[in-house]
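Report on the following structure.
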């Protein structure tokens, strides 16, 4: 059920019977020469809406802009500062509890949001307001991702390329996949910017000239579909697991 | 041009030639028994995208959740607290200036956001970072709105109803328009809650049992189209005016 | 009863019997060539003290400096930034509840404070600490204001001029009333700075060279007295209404 | 010159020629059974206005409510939390610099404000915006205070009593001076609440049943006048000294 | 008992039986040509550990960096801004209450921390979370300090010198004691920087060229030992007194 | 060179010649039944002091308390909330730049601090104030760690055990190593608490009954020495690399 499409009287039953919400979050940031800046929020929204359709759980509108200062040197990257992002997500999540929501899945598709969503989740849980978990699709199906691609790349690589090929083919510049590979780097390790155990870079541009990593030429819409289906299955199961827990069991454990 | 659909290399020319961005903002909140909770952000996005298409100016993704605590008693209303909303919008607006944007139109469709967007606009201008203006479609065409409807209603009334009938007819419960009118109130004045010059209410529910005001039975998709076209014309002209100003002329004037 | 004049043992009875406080708030900012910078706080204090005298309700000292950055280009305007003003008023209002105050009238005479006092009022009410309403004298008697003056002007116009002529005639430069009118503008509408529905100005100086609007030559002390008496009546009635409510009835309504 | 009484055009010359402002700050808090709650802000305002009159320096309106949580157990005490007070004073002080003020005397009459005004002063100075000093009348004339009274008392004692007897005799309950003495304590030392070098109290009520210290029966209006004149002389000299400094000499010294 | 040396199972008994913790706090800042920058945190830690050893009360690790912007012009001074210091100490203190601690002694050896620790103590007490007192060794034995030294000096003077001579003789440059005295000033009073009752200085360097005050040539390790023993006795007694109070008796008193 | 041991005149040369500082940071938190709560800050301090000794670079005092709410259910764990920790470290780091430091190595030994130190590093770099990198010893020598132990464990496991055996053998409860292993879990993966790609735990106690992971019986002081030497070599090289960079090269790259 997609919250924004419903009139308020039609939501009452849901809130009376269920207490779980899917909140999609992404970013608007460069994804190389071949992918749209909306890549992350498009993916997050697709997963959240798909699983809401499958299961009947409530899906909220998407938070489209996230923590992406590390991509700012590339045209069009938008971002909010980290403390602001945390407070925004915390506020909207806590306010959902007013309607009885007490468990939330942050359906996230941007690596730069992860730690912040975890920090927000801690605040909500430690306050006893809600139990929120962060979920990223590729973390849910690591083996499949490894099987399908030679060189994954954490940003703008073949897995994100395949996903957008499947979800929004019209937004992929197929003719630039070679450029994407050539102008980028295979992996962070390949850059030599992890020195003596320390990450000595802060921005994507410190590592890659065109903003991406991995071998994008490996990507196809079919692989994207495979990934989408497999990860949707995982998200569906996560929702069911979460919905079945007692709320007390989700709260912080007592002192030893 | 819609930022989220573009790959970064395709945005360079825009930022070199133009310095204006349209940022749509709305809310996700109850709009009565007949309209979807997404009403405000759907309208904001429609205007911003329409005028971006007409003019070529850049449109960013939409901020879907705004300052709506006054609607929280109705199922599904989402909101962020006012200080958090201000900081979120300020952060994303200021960060746009990194790419050379120095003038922004907040294409807003939620009355509850207005004062906060003005406060953000002041911060940006006083800091010399950007000149942002807040725009709401119905403020741009007050006479037409008055002509088309007997009883406007500031929230969930005939003007918003007509707009969604035009933009997303599948989301309007046509069979509930009478209920909407009967279960609500004609206007704030009619509630008697402005006492001796003081607004003695804070929440929508203080005034109206079903969350809306006005006479919705007056609304049609045709009127919605009229409104949309007329207000889009105004927004287009606003953008052109703004784009044509010297940046210095937009900054605060000197001390007398 | 004026709090600051009393010794603490003489206040006990009040707090045991009543739970309402009048808190005057204004600004210190330019009011044109003819009026003192203290205009707003002088007016606010006068109303609050008058009605405290009439009714016996408690009046606190005045908050003399408010949110006036939009007047800063004129010599002497003082202001605090909006977030700071909100926190200051919230803190002093919430702390009043320690003595049992649970309803507050913000007797305000500065338009620039209105939205901030409403925001503070929401914080106090949503927290269940107190119910505060914002009151401005001219909002309480709109018809009389319209009747008395041809061209009101929202700032430094004839209504404020008449009020200070009545309350503090020694502070009005009567010989500058013509200048005030000539050097200013009749109204915001007359400036052309509301463009296509958007307010494209932020500061008073964007609209008016001498800081004021309206036709001040219309003002007299007699009219000021009429305004003062009529608005005091309204404030008195507001206090009585507010004092007679059950506190629970003032708190936020339950979820539908 | 009192800022709030002036129209803006009459302030221009001052700001062009001078760069000093006197800002009176006090509190609204219990001062025992015999003195009004406004004692501190009345005293602060009296000194600031007196010296502004004598010297021509600019005096702003008074900040009437300060940091007084330690007096809250006594009826009527108002306060703002310390961080809020600091930000409020910092904001109004910094904003004064917009008109060219670069040196400020905080004419303070409440001990509980001292450290906060010093902290604000540091912020202003370290930022290079202004040089502000905190001044309290009794710190300026310690010997005279010692000479005139047997048992000073830091709060609501004979020195404050004498001052209000002189400035506002109608607000002093002369018939309660004995009670004030009997119901209070001679000094903090006498309470035994400084233990092993540690102040083990936080609130006035931890030390004194009626909120005051010292021997109030010693106080007379004549002594008040003596104190007022002597301390005004000191404040006048402080202003002259401060006005005569080069601004650069007031800024932080360079690194060694 | 020193918390950091213990494994968690060995702490259970303490928290079950006791509710007091000693928290040492100091600074890292210049202490003249003869003393180490760590002087304050070394002294604080020594006292807290000594008394923890004597009494069995729990001592936590030391907060080594405090509020020292006023010493920054001298090489090596470290500091955190005052609001940050308060929040850091408040957070660690409040979190101690999770284990049942409800009374804390801030064993402090830096004058610049005092007011901030008091402010933190108020926050903790007013929230009902814990009762914290601030303790500085020299405040506990003022007579002995006066007896032992001619010219104390509040910073880097003979009392701190003697203390480090006793605790860490290897860190004292004995050959620079004369320089310390010659290059500094005897006292703040001697600088003339308290003008007409106002402290017209903010930084140490405003008063003293080498950063210190007093006559250091008076100091010996033997005197240091005397001071240390005497002050430790006081701290021990303070702990015993505090441990023996009912928690309710430590909380804020009721309204009169 | 250890800053806290030096008198200020002896630091001048360093700051004139060098611009790098080592800042050790750890935590005070449970490390299982066998290790002291200070484990992390003891390790961090040991590395920072060792490399400062080897290279002559400046080492500051240690930040002993970090972000450890996830260990709070075990007796004695201390922590500060994440936003407070970030601000504290940011403040002390930025203030170091006053003396000319423009590159900082956060010598960190607590995994829970990593993301926060990275966020602080970004703030400092994006502001152009300093370039700070986060370094953790085990990240610097992953292969050696893997070689030496069968089952590493991320917290309280054999690598930390070996380190404390080497650095502070008196603080290790050798007789509890078996218990540590038996009462804990081998790894996070073994707990089953990563579900469908989502970490569904927040606290250590969600995963492990005694607070630790891994096989501690593998640990010896000799292995600790090996680890310490190897990681110190890495840290030394990191410092040399960092010291040799041009400051401009460390700042954010320009927009593409």
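Letters A, B, C, D, E and F name the chains as they come in the text, with residue numbers starting at 1 for each one.
The criterion applied here is as follows: contacts are C-beta pairs under 8 Å (C-beta built on N, C-alpha and C of every residue); 3 or more make two chains touch, one makes a residue touch a chain.
None of these values were measured; they are calculated from a predicted model.
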| item | value |
| --- | --- |
| Interface sides of chain A and chain F: same vs different residues, half threshold | same |
| Pair from C-D, B-C or A-B with over half of its contact pairs in common with A-F | B-C |
| Inter-chain centre distance, chain D versus chain F - centres from mean C-alpha coordinates, in Å | 48 |
| Whole-Å gap between the CA centroids of chain D and chain E | 29 |
| Multi-chain contact sites of chain A, meaning residues that touch two or more partners | 8, 12, 69, 72, 74-75, 98-99, 255-256 |
| Footprint of chain C on chain B - complex, ascending | 69-70, 72-75, 82-83, 105, 115, 118-119, 121-122, 125-126, 133-142, 195-200, 202-203, 205-206, 231, 234-235, 237-238, 241-242, 252-256 |
| Interface residues, chain A side, partner chain B - complex | 3-9, 11-12, 15, 28, 30-38, 41-42, 60-65, 69, 72, 74-81, 84-85, 87-88, 91-92, 95-96, 98-99, 171, 173, 176, 211 |
